[in-house]
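Okay, so chain A shows up in both of these, paired with chain B first and chain C after.
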Partner chain A sequence: MPLAISFVVGILMIANYFTTSTLLKDVARNAQTWVVIISTIALALGVANLTVLHGRNIRSKGSNWYLSSWLLFIMYLTIVLGVGLSTSNAFFRLIYDNLYLNPYNAVVTLLCFSTFAAGYRAFRIRSFETLAFLVCAAFVMLTLAPIGEILWDGIPVIGSWIMNIPSVGSMRGLMFGAAVGLIAVGIKTLLGIERGWLGRREKA
Partner chain B sequence: MSLVASGKISALFSLIAVCAAVLVMVRLARRGRVPKIRRLAALDAIREAVGRAVEMGKPVHAVPGVGYLSSGADAAQTVAGLSVLDYTASLCAKYGARLISTNQNPEVLPVQEQIVQQAYMAEGKSAAYRPEMVRHLSPANMSYAAGAAGIIEREEVAANIFVGSHGMEALIMLEAGSRSGAIQIGGTATLTRSMDFAVGTDFLLIGEDIFAAGAYLSNEPAQLASIAAQDCCKIAILALAIIGVVLAVFGNRTLTTILRT
Partner chain C sequence: MSAGQKSFLKRLADLDRRLIYVSLIVIVGLMTVAPIGLPLKISGATRLAYETVEKLPSGSIVLFSLDVDIMGWLQGGPQAIAFLQHLFSRPVRVVLIGWRPDSEMLILKTLSKVDSEQKNYGTDYVNLGYVAGGETAMSAFATNPSSVLRTDYYGTAITNIPLMQDVKGAKSISLVINPNTGSPGAVEFIRQWRIPFGVPIITSQPPMTVPEFTPHVQAGNLIAALPAIRSSAEYELLIRKPGLGIAAQDAVSLGSLALLVYIVIGNIGGFLMKRKEARQ
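So, the complex of A and B:
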């Protein structure tokens, strides 16, 4: 049954993309609306999972149970305020902006440090490939930083060439491969060859 | 009025050609001509990573990506990630490693739970399965990253396995995994994030390698045949690109015009 449903809906969406039939377009639009509805309902599953997991932790007074209490309190408070008062309400915005957006943006800034830390670990010469990697990365970084041009006029030229020629060419090659792989996975899923997403049956 | 939308005729023929290639190779495989595919070190390393986790008494953290099952490019990567999660869960069940599978996208949550549970049941270890193995953290990317990084460091995971569609959160989780000394295996077809995995993982799957994961791990002839079909299509694309370049050098745009119809 799941395979049949995925086949029918998949063929419908493919046909919608390629044809000019208004009937197919209406059916596909309805199907896409249903996808949005089901995805929204799935949010409730996420809330339920969090409630069960953290509720169990609170009941058993597990590790950091007070943090689980805080999480559930804030989650339900935000839901109640958002649904009851509306998301443009000043009190809701106060909680949302100060308790959610600010810490969210703080985590985004961690990316800066994570990038440097990962780069530091990666830029170690162990083979010819890592040497080439380090040299190219050095040229590109100096090109993007103002100091590169000051050190030597050739650095921006070489760095720009690396970014625009071999890098773009390699990315396009990867893109072709990924696109073909994507189509193949889609076809396998529609035909029922790829069944990993369905799980499997118990061993006899 | 044409039945096929303008500008999409060549795309339709390309899709039909890829479908035909997959079907022909699958048919040949079912007749006994099963293609061999090269070793993928990252997928072979999953078994070692789980073994390491068992020896150290620490958990394995496996994520099938943060993508949707309802959006085109993400869906294929998520399907690939779920195949890897299935394999990882079955190894954890078999060898007794503790599994933690975090989730960002609630749309994928029931599928993730089912896959982990059925992997344990398939290995005859239903009693070992715990619902808290699969944990939804947050639908927001950075909130999920903060939660997952916290779990990785607090639980001191021995292995991090990230295969699927990933965003910026991957780098934060990889950094957390590195600090906790975990062996890190990852791959994504999201090209803008491939660089994060290239510098952060010990074993890497680049781009289309993740789409071969399901076939490689299951070793089913039909799936292996589809990988061979992919390679045939890539050769065809390469040939078209070379022909197009040569023609363009001589000022002939016929191929470009045909591909734009």
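So, the complex of A and C:
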């Protein structure tokens, strides 16, 4: 049954993309509306799943159970505030900015330090390829920073050439390969050959 | 090689990471507190994006789709603010929307940072907030917006919003501006808006993902794919509203230079040490 549904809906959406039939477009539009509704329900499913997972950890006093408690507390607090007061409410935005956005960005900026240290240790010239890699990386980095054009006029020229010619050429090849792979996976999914998305069945 | 020489070369090749961290803090801190004001050249792509917005006829409807997540806000945020500030300075109408859960709050944050006093909500701009459903919802919105949402972010029915009476789908939209980090984003817009309906798209991306979108620019699917941090500074210069983008450039410049200097030092130390050991 799920395979039949995925086949019919898949063929419908493909046909809708490539044809101008009004009947097909109306049917496809309805199907798209159902997907939007299901996606919204999936958010609620995610909340339920987190509650079960972390609730189990709290009940059994598992590892870092206090962090699970904090997660559930903050999650439900923001849900109640967002639904009750609306997400444009000043208090909700205070929590969002000061407990989510700013701390998250602070953690992300810590990556800068480890990237620096890792770059210093990793970029060691051991062969011609690593030398070429380092030279290209240097030109691209200095092209994206204003100091590059101040040091030498040629840096942005070479850096832009690297970004627009060899980099794009290889990216284009990767994109073609990925697109062909995606088409193959799509056909296998539609025909029911690829069934991983159905989930595993426990053997009796 | 003497023990002293070996020790110096070893230290050169294996610098204490605390030295690296402290120097980075000093450089970035100094540049934030006392920026040098390094000159900045405007790239062709940023200028093209700017002129595309400048040439929009009066009354055009622009879809401003903010698909930046929390992690990408530091990069994409200044660019999004610059884009929206420019749109609000033009006689165009703006539909704000997002297809990622973080979009809703980040749209509010962006709106709070731009000057919207000359604009009337409902006639000049509307905030539709976050629409769940990813690419499917983008496709549905392109054909029939009322199939994916009935109200704007503030709960007003879209049938009561004057601007939304003129938004019948992708065909009503003159331009899509999509500050983006990840999916759904520019690629989905190309598939669902550009190819079927021919809507022009400008996107900004984290610098490391711009090469992914350059083939689309060269194929004509995108007007421009701007590298977020650098292009935000350029855009702020063009609209004459300096902001976070320009403020970050000196720190980015000297930070990049410092990294290259450390890499060179490490390689020199490692190379000299190997040569000396080989001779012995």
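In the analysis below, the second predicted complex is superposed on the first by the 167 of 204 C-alpha atoms of A that agree within 3 Å, B and C clash if a C-alpha of one lies under 4 Å from a C-alpha of the other, contacts with A are read in each partner's own complex, and residues count from 1 in each chain.
In this section, contacts are C-beta pairs under 8 Å (C-beta built on N, C-alpha and C of every residue); 3 or more make two chains touch, one makes a residue touch a chain.
Everything quoted here is computed from the prediction, not taken from an experiment.
When the shared chain is aligned, chain C comes close enough to touch A:R124, but chain B does not. Of the two partner chains placed around the shared chain by superposition, neither chain B nor chain C is touched by A:I158. In the superposed model, A:S39 lies in contact with both chain B and chain C. By the touch criterion defined above, A:A15 reaches neither chain B nor chain C. When both complexes are overlaid on chain A, the residue A:L24 reaches neither chain B nor chain C. In the superposition on chain A, A:M171 makes contact with both chain B and chain C.
When the two structures are aligned on the shared chain, A:Y104 is found in touch with chain B and with chain C.
The residues of chain A shared by its contacts with chain B and with chain C are 17, 35, 39, 43, 100, 104, 108, 113, 117, 119, 121, 171, 175.
Listed in rising order, the residues of chain A touching chain B in the complex are 14, 17-21, 35, 38-39, 42-46, 49-50, 52-53, 56, 100, 103-104, 107-108, 110-111, 113-115, 117-119, 121-122, 171, 174-178, 180-189, 191, 193-194, 196-197, 199-203. Interface of chain B with chain A (complex): residues 1-5, 8, 11-12, 15, 18-19, 22-23, 26, 68-70, 72-73, 75-80, 82-83, 86, 103, 105-107, 109-111, 114-115, 117-119, 121-124, 126, 131-132, 134-136, 139-140, 142-143, 145-146, 168, 171-172, 174-175, 178, 189, 191, 194, 196, 198-200, 206-208, 210-212, 214, 218, 220, 222-223, 226-227, 229-230, 233-234, 237.
Those residues of chain A whose C-beta lies close enough to touch chain C in the complex are 17, 25, 29, 32-33, 35-36, 39-40, 43, 87-88, 93, 96-97, 100-101, 104-105, 108-109, 112-113, 116-117, 119-121, 123-125, 134, 138, 141-142, 144-150, 156, 163-164, 167-168, 171-172, 175. Residues 15, 17, 20-21, 24, 38-41, 70-71, 73-74, 101, 104-105, 108-109, 131-134, 136-137, 139-140, 143-144, 147-148, 153-154, 196, 207, 210-212, 214-215, 218, 227, 229-230, 233, 249-250, 252-260, 262-263, 266-267, 270-271 of chain C are the ones touching chain A in the complex.
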